[in-house]
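Quick one: the structure is below, and I'll ask about it shortly.
We just call them A, B, C and D in the order they show up, numbering each chain from 1.
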Amino acid sequence: MTPGSLKPRSAEEQALLDAELVETFEQRISFNQMLGLKIASVRPGDIRATLAMKPELVGHFAHGRLHGGVISAVLDALGALALMAAIGERHPHDSAAQVMHRFTRMGTIDLRVDFLRPGLGRHFLATAEVLRLGGRIGSTQMRLLNDAGTLVATAAAAYTVA
Amino acid sequence: MTPGSLKPRSAEEQALLDAELVETFEQRISFNQMLGLKIASVRPGDIRATLAMKPELVGHFAHGRLHGGVISAVLDALGALALMAAIGERHPHDSAAQVMHRFTRMGTIDLRVDFLRPGLGRHFLATAEVLRLGGRIGSTQMRLLNDAGTLVATAAAAYTVA
Amino acid sequence: MTPGSLKPRSAEEQALLDAELVETFEQRISFNQMLGLKIASVRPGDIRATLAMKPELVGHFAHGRLHGGVISAVLDALGALALMAAIGERHPHDSAAQVMHRFTRMGTIDLRVDFLRPGLGRHFLATAEVLRLGGRIGSTQMRLLNDAGTLVATAAAAYTVA
Amino acid sequence: MTPGSLKPRSAEEQALLDAELVETFEQRISFNQMLGLKIASVRPGDIRATLAMKPELVGHFAHGRLHGGVISAVLDALGALALMAAIGERHPHDSAAQVMHRFTRMGTIDLRVDFLRPGLGRHFLATAEVLRLGGRIGSTQMRLLNDAGTLVATAAAAYTVA
C-alpha cells in the first residue's frame, strides 16, 4: 500500500503507463530497437506489435526470409509485454512508475518457438496472450503472421514475475 | 552417386567445406553477421562459436545483459551448424558444394531455450551437440556460457534435414 | 493412385475411418486404454476427448490432482489424432485402411507441455488443433480443461507424418 | 531456523530422507506406481531410476514401443526427484520431514520432451541433472536410455520450488 493507492489509476496515469511500456519495448531494449519492433497495442487482451523486413534480419541467405532468432526475439518480447500489461491491470492502484518497476524483476524462464512456415513478407504482425498470471510465474502464447495473414510461427513462454 | 564419389573427400576439399561453413554462418546469414557470431570450430563433436558483448545486443536495459533473442538466435545457429558438420561427416564422398547444397533445404522445426542465469559477460561461448541425425529430422542440444564459465542458457531444437 | 481413388470416400467409408481412429486411440494404444481416454470427436477442426479422474491417475499425493505424465500423454495423443483426421481430409480418395496405414509411420518428434493450473476435477476435456500439416512434418497445439472450464494445461508438438 | 538446525543431518536422518524420497516417488505418486518406476539412486549428481517394459505401457500398437506419455511421465518425475535431492543438499540442517515438506509446494511449470528413437527394450534407465536450483525456480535436464544403451529421449523442465 502506497500513497495514492486508494483510487485507481487516472486516465492520464494509464496513458503514461502505456507510453512507458511502448518506450521500454521499442527504445530501451536496444536489441528491440535494432530489430525495429513497433508496439501497436498494449491493451490487455490485445497485445500487438509490427516488424518491417530489412536486410539485417534475413536468416537463410538462399531464401531471403526472416531469421529464426528475430522471430524468437520478437515473440519473447511480446510475451513479456503482454504480462506487463496484465500486471498493470492487476494492480490498478499502482502508478506507472510502480508498475514499470516490476519489469526490472521480470525474466524469461524458457521459450519454445514453432517455426511453421518461412518468414517471407515485407511486414510481420506479432501478438501475445496471457494464459496465466500467477504471483511468481506468468505463462503466455504468441503468434507471428506475415502481411498475407499466414501464420509463420507460434511460441509459448514462462516468465518470473514479481 | 556422383563423379568422384568413390573416394572420400581430400583434406583440401574438407578444408574448403569447413571454410564454407564458417563463411555461411558468419557472413552469409546477415543476422549472424550483425550479432558478430564467430565460429571457432566446425569439427563434428566439437562445435563452438563465440560472441562478444556489444551495446546493440543488450536486452534488459536495467541490467546490461544479453538479450534473450540473441541467445536464442546464437543457439539456433549452433544447432544447425552442428547438423551441417554431421551431414558432412555422414557423406564423406560429397564435395563441399554438395554438402552445402543440403543447407539450403534445412529448416528449424522448433526451438526451446532455457534461460538459466543472466547473460552477463564480455564474451560468450556457444556449443552444440547432435543427439540424432536421421534421414529427415535432426535433433540437437546447445549451451551458452559466459567468460566466467557460468552456464547462461541451454537449448534443444529439431530441424528438417535432407 | 489406387483402384477407387477417382472418387471421394463414401459416407460409409468415412464412418469406417472415424471408427478406426476412435478404436485405435481408445483401445489399440494400450496406455491410452489404461488412462481411460474417450474420443468425443474426430472431425477435422473439432478434435475432442474426455478423461475421467481415477485414483491411478493421481500425481501429487498431497493434492489429489492429475499427474503431469497423464496430461502429457493425453495431449500428445490428441495432437496425433488431430493430424490423422487432417491427413484423412487431405487424402479424400484414400480408403480408411489407406489412411490408417499412414498412422503406423507417424511419430512424435517433440512435445512441450505448460502446466498452468492444478489438474483438479472429476472430468477433463482435451482438444487439439493442427497449425500446419506439411508433407513431412505436422505441428499441433493442444489444451486441457477441467469440468469447471478452467484451462489446466496447454501443449505444442511436432510429428513426423508420411 | 528450527531446533536442531545448528548441526548437519546425521547419517540416519539422511538415510531417512533418502528412503522418504524413494517411497514418495515409487509409491505415493500412484501414477508412478502404476508405471512401475523404481528409484535406483537419489544421491545429488547421480539421480537414476529404472522402468521395466510391460504391455500396459505400449504406445504404438504396430511397433510395441514405450508410449510417449510414459516417457514424459518418467522424465518429469526424475527432474522433480533431482531437484528434491538438491534441495536436501542445500538445506543440510533440515530434518527429512522438513525437506519432504518442500515437495508439497513443488510443481512442474513446463516440460519439453524430445523423442529421439523408438522406445524399444525390456528395461529403461532414466537419469536427471539439475542445471540450476534458484530460490523460486529449478531447471533440469533428463535422459532415457534403453537396455542397449541407446538414447531414446531427452527432456528439459522448469519447476517451482520453495
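The rule we apply is simple: a residue touches a chain if its C-beta (ideal position, glycine included) is under 8 Å from a C-beta of that chain, and two chains touch if they have at least 3 such contacts.
Here the structure is a predicted model, which means the values were calculated and not measured.
Looking at the partners of chain A and chain B together, the chains they share are C, D. Farthest from chain A, judged by the mean position of CA atoms in each chain, is D.
Centroids built from CA atoms put chain D at 34 Å from chain A. The centroid of the Cα atoms in chain B and the matching centroid in chain D are 31 Å apart.
The distance from the centre of chain C to the centre of chain D, each centre being the mean of the chain's C-alpha atoms, comes to 27 Å. Looking at chain B, residues 109-110, 112, 114, 139, 156, 158 sit in touch with two or more other chains. Within the complex, the chain A residues that touch chain B are 24, 28-32, 34-35, 55-63, 67-70, 72-74, 76-77, 103-104, 107-115, 118.
Residues of chain B touching chain C in their complex: 109-110, 112, 136-137, 139, 156, 158, 160. Chain C contributes residues 112, 114, 116-117, 131-132, 139, 141, 151, 154, 156, 158 to its touches with chain A in the complex.
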